[in-house]
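As structure tokens, the structure follows; a few thoughts come after it.
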Amino acid sequence: MESSQIQVGVLGARGKVGSAVCTAVEDAPDLALAAAVDHDDPIDLLVSSGAQVVVDFTHPDVVMDNLEFCIDHGIHAVVGTTGFDQGRLDVIDGWLGDAPTTGVLIAPNFSIGAILMMRFAALAAPFYESVEIVELHHPNKADAPSGTARRTAELVAAARREAGCPPVPDATSTALDGARGAVVDGIHVHGLRIRGLVAHQEVVLGGVGETLTIRHDSLDRVSFTPGVLTGVRQIADRPGLTVGLESYLDL
Amino acid sequence: MESSQIQVGVLGARGKVGSAVCTAVEDAPDLALAAAVDHDDPIDLLVSSGAQVVVDFTHPDVVMDNLEFCIDHGIHAVVGTTGFDQGRLDVIDGWLGDAPTTGVLIAPNFSIGAILMMRFAALAAPFYESVEIVELHHPNKADAPSGTARRTAELVAAARREAGCPPVPDATSTALDGARGAVVDGIHVHGLRIRGLVAHQEVVLGGVGETLTIRHDSLDRVSFTPGVLTGVRQIADRPGLTVGLESYLDL
Amino acid sequence: MESSQIQVGVLGARGKVGSAVCTAVEDAPDLALAAAVDHDDPIDLLVSSGAQVVVDFTHPDVVMDNLEFCIDHGIHAVVGTTGFDQGRLDVIDGWLGDAPTTGVLIAPNFSIGAILMMRFAALAAPFYESVEIVELHHPNKADAPSGTARRTAELVAAARREAGCPPVPDATSTALDGARGAVVDGIHVHGLRIRGLVAHQEVVLGGVGETLTIRHDSLDRVSFTPGVLTGVRQIADRPGLTVGLESYLDL
Amino acid sequence: MESSQIQVGVLGARGKVGSAVCTAVEDAPDLALAAAVDHDDPIDLLVSSGAQVVVDFTHPDVVMDNLEFCIDHGIHAVVGTTGFDQGRLDVIDGWLGDAPTTGVLIAPNFSIGAILMMRFAALAAPFYESVEIVELHHPNKADAPSGTARRTAELVAAARREAGCPPVPDATSTALDGARGAVVDGIHVHGLRIRGLVAHQEVVLGGVGETLTIRHDSLDRVSFTPGVLTGVRQIADRPGLTVGLESYLDL
């Protein structure tokens, strides 16, 4: 164990996501995999192994117990498990009140590219008359548009409202049903389903004589690991509860 | 007058399209602008100027008279004027019966790029599980999807039917209205309206592990002139009535 | 004259750029074209017409005289004319010392899209292992790569240096001359020259399993006018000398 | 064994490519995996298992022996192994002289998308003034530009020569080394190396006012399997030696 390495425990270590996190931690020279824990293993391993930061990709049913344990033992937690509502966040905040140097990061999306795309889209939107969103996924996806596309539309719409932008121009008077996409918060969103694709999104912004296009292509599910590692590396300097990886990126 | 140049007359020469054709003819070393005729001018100018080929971008009300005159005088005609139905085509065919060496080319679209895009999409479609169409235009456009996008969908669908392809895969079970676009002949078509754009279309095809994308960007309305000149140069070798520029491209 | 409109004078009003600015000012409801001045007109027109802000797209030989006149008369200046070195900027700074409420904005590039692209590329670059730049222009362009591509490469390289990023990975051991592009400050830059294009640039960033692409398409030279109008609208609140439109965009 | 299924043997069945072929054959309702043979297994298994078509992804050192065995036993062969020169092709042709109903397909590239891209690029090239090629790969690739990009350039150049096209226009007079890419047969080719990418290529064609872009994205190495299966399904109808999958696609 090099003293300069951050000791990392992984909860849900044998799941698809958790095992990818284990591999990424082992491959990173500044991190060490102290404990790989799954539901059959005693959680005390986190303490005995000296884990300083825990990564949790488990299940909504067990994540609150995991977090209470971590906070009790002064272990920072980077959490990708879903199912947090305001009630749960309030409980965690309460626990952290007694552990002022411990950090908890809860993020619905660890893809740095997706976060940058949403942020840049919101920053650019007030400067353009038009903005639309195209998301492209494999054809086994059940919902349309994607959650990321909806969230992008909401962020873009909010940025435009705040800047006092008028609605996007659209002179369409004759259209086939669906031709102009779904409308989320005033923003048109189009979903393609294409075999061979994974998860892709394009935000197209346009003004007189020019367009700006921001495209994110997620070609492999491991693309979330750099975001998790960013969380692991920075959490010691960010005590308290943080929701969303955005603030860690200093944009 | 160089003897090797084709002598070209333009009908509708002071219209937006016609004047662009005049300029393109003047700029082409192998063509000469013999007569630029608009509605105030005597059509006899075509004969006295020695025009061998006429380009007609006029109006449905006058184009039949123009064509009768041209065929009567053995002048080939390249026609971009709209409004031809089967009845009109039959009449022209009749006139040409008495003029076996004269050619008439009637094309709804002189953009070589649009024709290539449609042709390549139809050729590729049977090899892929998925295919969808995205068209992008300026926000003053009244109809959605564009005529070219509809036509592409029909050609793609026909090619897939002929090859015995199953329907495109789509597991969408929860969707906002319009999220999956309009469906034309079984093919999903999406229309974006963005300030700053002119006329653009992308056909996205996908199979296991790969995608093929064919994109046409029309950035300036002069993009139809190379198609018109292709017609002018070849029409002497293609007597009779031809509908659509496709067959001139030898694809 | 509506009292709420900003009164705008244009210097170089009959030039290609200046006349586009005049049109844009006339079309904007919150702006009024007070004076359109070219080299044959007396510059006093700016004063007699009540211009509050002047837009200068003239010539390096006359722009310093123009600025001295504007600053002397308390007129703000938005300047797209080229040819400013540090010496000239120091002179202007001196003049502004005696006019503390007057603003001068000098910008080499008024395209908001180009500025956003460069800014986003620099923000994103430290999060990705790889980044390269592709610029695409019409084939009459004399230099390669474009000035914007070089500038983007410098900004990206600086952002990576500051974040302590290693060099971009590249295992190329056998290559044709030029296959990997030009290298500007460690960043590979590729220039395409294609008939039909205007001015386009794509920044491609990639990390494990994902890529982020930022693309700017300038389809018409009027695309700089929104940037000029942004300068006109904000300059009264930004006294002193500002170089570059960036700081006006509050990114 | 369903009598309507084609019985397929795979040579090199435990290699990375061969095992993907085995899976694809097992997943295809019209095909049956009769024999999966690797270098430790007796090749006679092909005969005893009743294989009608063999797929060979082995090694240049053994592929000729494999082919002699297949042709001797009247088994068709679809071959992705490399290392064929004219001498080897002549030998195979000789063997096939005594087996007039047996087919051998040798293809350097089984990606249908790559083949379509090259074909469409060559078809379109004579209609455009400009054409350039951009290939994008992962940064571990040793050569630049890619073999597919070079081959595309050669096909495009040949099509333009045959059509009598002039050289592509390029007014570049001041350039950094490499800024305009490598030049293959008069066509500019640019290679990007980006982490997260697999194998991608874009052919950009442009004429007055319009561009046509043909892009192939290979996101997963399994993308070659549809091409292999196309070969397996058609080879019984194509006796003799065929080089390249192109002719099987009926373009």
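Chains: A, B, C and D, in written order; residue numbering restarts at 1 for each.
Heads up, the rule we're going with is that contacts are C-beta pairs under 8 Å (C-beta built on N, C-alpha and C of every residue); 3 or more make two chains touch, one makes a residue touch a chain.
Keep in mind that what you see is a predicted model, and the values were worked out from it rather than measured.
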- Message: Keeping to the contact definition above, tell me which chains border both chain A and chain B.
- Response: C, D
- Query: If contact pairs are compared by residue number, which of A-C, A-D or A-B agrees with B-C in over half of them?
  - Reply: A-D
- Task: Quick one: point me to the chain whose Cα centre is farthest from that of chain C.
- Result: D
- Query: What whole-number Å value describes the gap between the mean CA coordinates of chain A and chain C?
  - Reply: 34
- Item | Rounded Å distance between chain A and chain D, as computed from the means of their C-alpha atoms | 39
- Task: Round to the nearest whole Å and give the separation of the Cα centres of chain C and chain D.
- Result: 47
- Between the Cα centroids of chain B and chain D the separation in whole angstrom comes to 34
- Query: What are the residues of chain A that contact at least two other chains?
  - Reply: 196-197, 207-211, 217, 219-220, 223
- Task: Sort out for me which residues of chain D touch chain C in the complex.
- Result: 128-132, 134, 136, 139-145, 168-184, 188-197, 204-211
- State the interface residues of chain D toward chain B in the complex, per the touch definition above. 111-113, 116-117, 120, 123-124, 127, 207-223, 225-226, 249, 251
- Message: Please output the residues of chain B touching chain C within their complex, sorted ascending.
- Response: 196-198, 217, 219-220, 223
